[in-house]
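Got a structure for you, questions after.
Per-chain residue numbering starts at 1, and chain names A, B, C, D, E and F are given in the order in which the chains are listed.
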Amino acid sequence: MMYITRRETFNAAHRLFREEWDDAKNLEVFGKCSNPNWHGHNYVLFVTVKGHVSGETGFVMNLKELSHIIKTRVIDELDHKNMNVEVSFMRDRLASTENLAIGIWEQLEQPVRASGALLHCVRLEETEKNHVTYYGPDQ
Amino acid sequence: MMYITRRETFNAAHRLFREEWDDAKNLEVFGKCSNPNWHGHNYVLFVTVKGHVSGETGFVMNLKELSHIIKTRVIDELDHKNMNVEVSFMRDRLASTENLAIGIWEQLEQPVRASGALLHCVRLEETEKNHVTYYGPDQ
Amino acid sequence: MMYITRRETFNAAHRLFREEWDDAKNLEVFGKCSNPNWHGHNYVLFVTVKGHVSGETGFVMNLKELSHIIKTRVIDELDHKNMNVEVSFMRDRLASTENLAIGIWEQLEQPVRASGALLHCVRLEETEKNHVTYYGPDQ
Amino acid sequence: MMYITRRETFNAAHRLFREEWDDAKNLEVFGKCSNPNWHGHNYVLFVTVKGHVSGETGFVMNLKELSHIIKTRVIDELDHKNMNVEVSFMRDRLASTENLAIGIWEQLEQPVRASGALLHCVRLEETEKNHVTYYGPDQ
Amino acid sequence: MMYITRRETFNAAHRLFREEWDDAKNLEVFGKCSNPNWHGHNYVLFVTVKGHVSGETGFVMNLKELSHIIKTRVIDELDHKNMNVEVSFMRDRLASTENLAIGIWEQLEQPVRASGALLHCVRLEETEKNHVTYYGPDQ
Amino acid sequence: MMYITRRETFNAAHRLFREEWDDAKNLEVFGKCSNPNWHGHNYVLFVTVKGHVSGETGFVMNLKELSHIIKTRVIDELDHKNMNVEVSFMRDRLASTENLAIGIWEQLEQPVRASGALLHCVRLEETEKNHVTYYGPDQ
């Protein structure tokens, strides 16, 4: 098994809040992240896939193909967007980094498998101080 | 003359657009940055001040004081905010990185001078690929 | 399971040596790190905790709470300190990066558990060329 | 178990191609990386070893010794070299990042074991966007 | 005056040598960089332009346009190339970082001027330890 | 004129204090940096020299020579040392980043001039949040 990782970036607006809570309760739980006027981040995404190294190409998977999958399935959906409002795979989810990582995993799992490798993990950095890593629903 | 620099970070939402232009024209000029639903960034701010090194303290200026000025005059105004809507010193300005750097300069120039040093430049990174540097209106 | 990581920094002085060895022996084993006049580092600490994502908040654990635990249990103890002399949880330990990571783990394991998550690993960078990772005494 | 990691850098030229394929086929599969006139990279290598922390030294393994092994077995072989032409352990391998990581693992596994620790993984960054991680043939 | 900077990356092979010197003399002056089999780097390029901030757009210059100029005039010429053999603007120059920065300046100066801004400087990083900055032939 | 910059690192212990002040006064002015038991940092040093590009070598100055000057004049003096106690060129100076930059400038100015280039500036990072830049006593 070899693990290869691709780094991509996007930026987006979001807000952490529950509709059924009033502003005071949202502020208490989510702090400044609940600002009703939105805020945003430069996200850094690391996608790791695993597989056997091909004797013919020396690759687990062509990085151009991996980059294309990430671009069409994730970056084009999220970049310069408001993830609470415009991103279909975040529609019914609180826009936390944790849930965004789960959404990204679900966008990538099938296309990576179809290309002959396996999605290993998704690492998502929201700021230089905070990141999450998700290994899928079976781990 | 010695130059000292402090690095601070904040994140914010914004949108590049002119109200008198329609969406198509805004999209043509500002691209994805004109998204009406906003997007956002982790901004990195470097503030450089200059002055003589004090024989008593070895400092141009106490960094705690510089950090406090930046925090109260800039970070508290911008962090987790929508700069088109909520930031008083950006009210009548297009929310470009250039204009944000000018706004930050204007917030800092007087308090730094009052502390005995001179503001030399403001460097503002919007993404890891783009930044601006501003040396004030006289340069 | 979701893994979330918080990055914090502190700086400290230390010295690698064994009291029962003379200076020559300490120099032979620990090199420049045994300097009797001390030296120091900017340490970078990554604390990773794991747990289930709450349906209510979208969080494994509120990062403000995690940051508060790290600050009170680790950063306040170590920052701008001499770890051989002033840090209670390093009292009877050689001040190596390995032992410091173990000490930090022991400081964090209980409070993280009390907050409803599990401490997964502690990664400690001493310089940009060297770091250690510790997954606890059971791994 | 404690994991310690050492970061080293080298730069080298290479080319991705199969001799039995013509230029058009190589270009189709390997893109710009098949340029017959070579291209090159600044590689960043992270070597992680694991073991028990010595009560006497506080070390898993003396980092000077680990650095010396990496330097003599890997860096001296690769730095400022053409890996397709001059590097014995890459002689019969396609010069992909995956295969280079395998080659580096094979260079390091025995000497690290002889020093009393175990090689855990090799992480090799080819560019800031791409890296591979290899845990050895048994994983 | 406002200064805006764009960061771009490329990788290339090169060799430092003078044809009229033999290998021993080249090795003496240029060290490992004279390896006849080539070596290579991931170069990081920072291009800074200056100008007045437009009241209409808030821009010194549209970054998409600056990025396009850099891509077509510099990156497409250098990326995944051998700069001694394939890059027209390096044809009669020793492939040092200094000369490469001068070549890049000459490629960019006119197109930036045509876009309404002025090229201020070119900063070129060859490795994380070495970079050069060039402000043009008049400075 | 071309500017070339070399990055080097060292780590050291220090303390900010004035002997004629008591501990309370030192704590008031210098905060945690006045800890009598010392603390320390990983310093990052950028040395920039300027000069004309040699037609023979393509260099302003051989980087090996610049690196050797920095190593023998600065790094060997400071690395793994206590700068208040052991570093001759810091003997009668408060150990602030500002004064350390001045001391480093004085160590480098003559040897760089003797090598045929001119020292342009010294940039010294104490932490990732703070750095100083010094252009010499005439600027």
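Quick note on the criterion: a contact is a pair of C-beta atoms (placed from the backbone, for glycine too) under 8 Å apart; a residue touches a chain by one contact, two chains touch by 3 or more.
Predicted, not measured: the structure shown is a model, and the values here were computed from it.
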Chains contacting each of subunit D and subunit E, listed by label: none
Which of the two pairs, C-F or A-C, is linked by more C-beta contacts? C-F
Could you tell me the distance, in whole angstrom, between the mean C-alpha positions of subunit C and subunit E? 42
Nearest whole angstrom, what separates the Cα centre of subunit B from the Cα centre of subunit E? 29
Multi-chain contact sites of subunit E, meaning residues that touch two or more partners: 128
Taking all chains into account, which pairs touch? A-B, A-C, A-D, B-E, B-F, C-D, C-F, D-E, E-F
Which of the residues in subunit D end up touching subunit C in this complex? 1-8, 48, 53, 56-60, 62-64
If you look only at subunit E, which of its residues touch subunit F in the complex? 16, 18, 29-31, 93-99, 101-102, 128-135, 139
Spell out the residues on subunit A that touch subunit B in their complex, using ranges where they run on. 9, 11-14, 32-33, 35, 37-42, 79-82, 85-86, 127-128
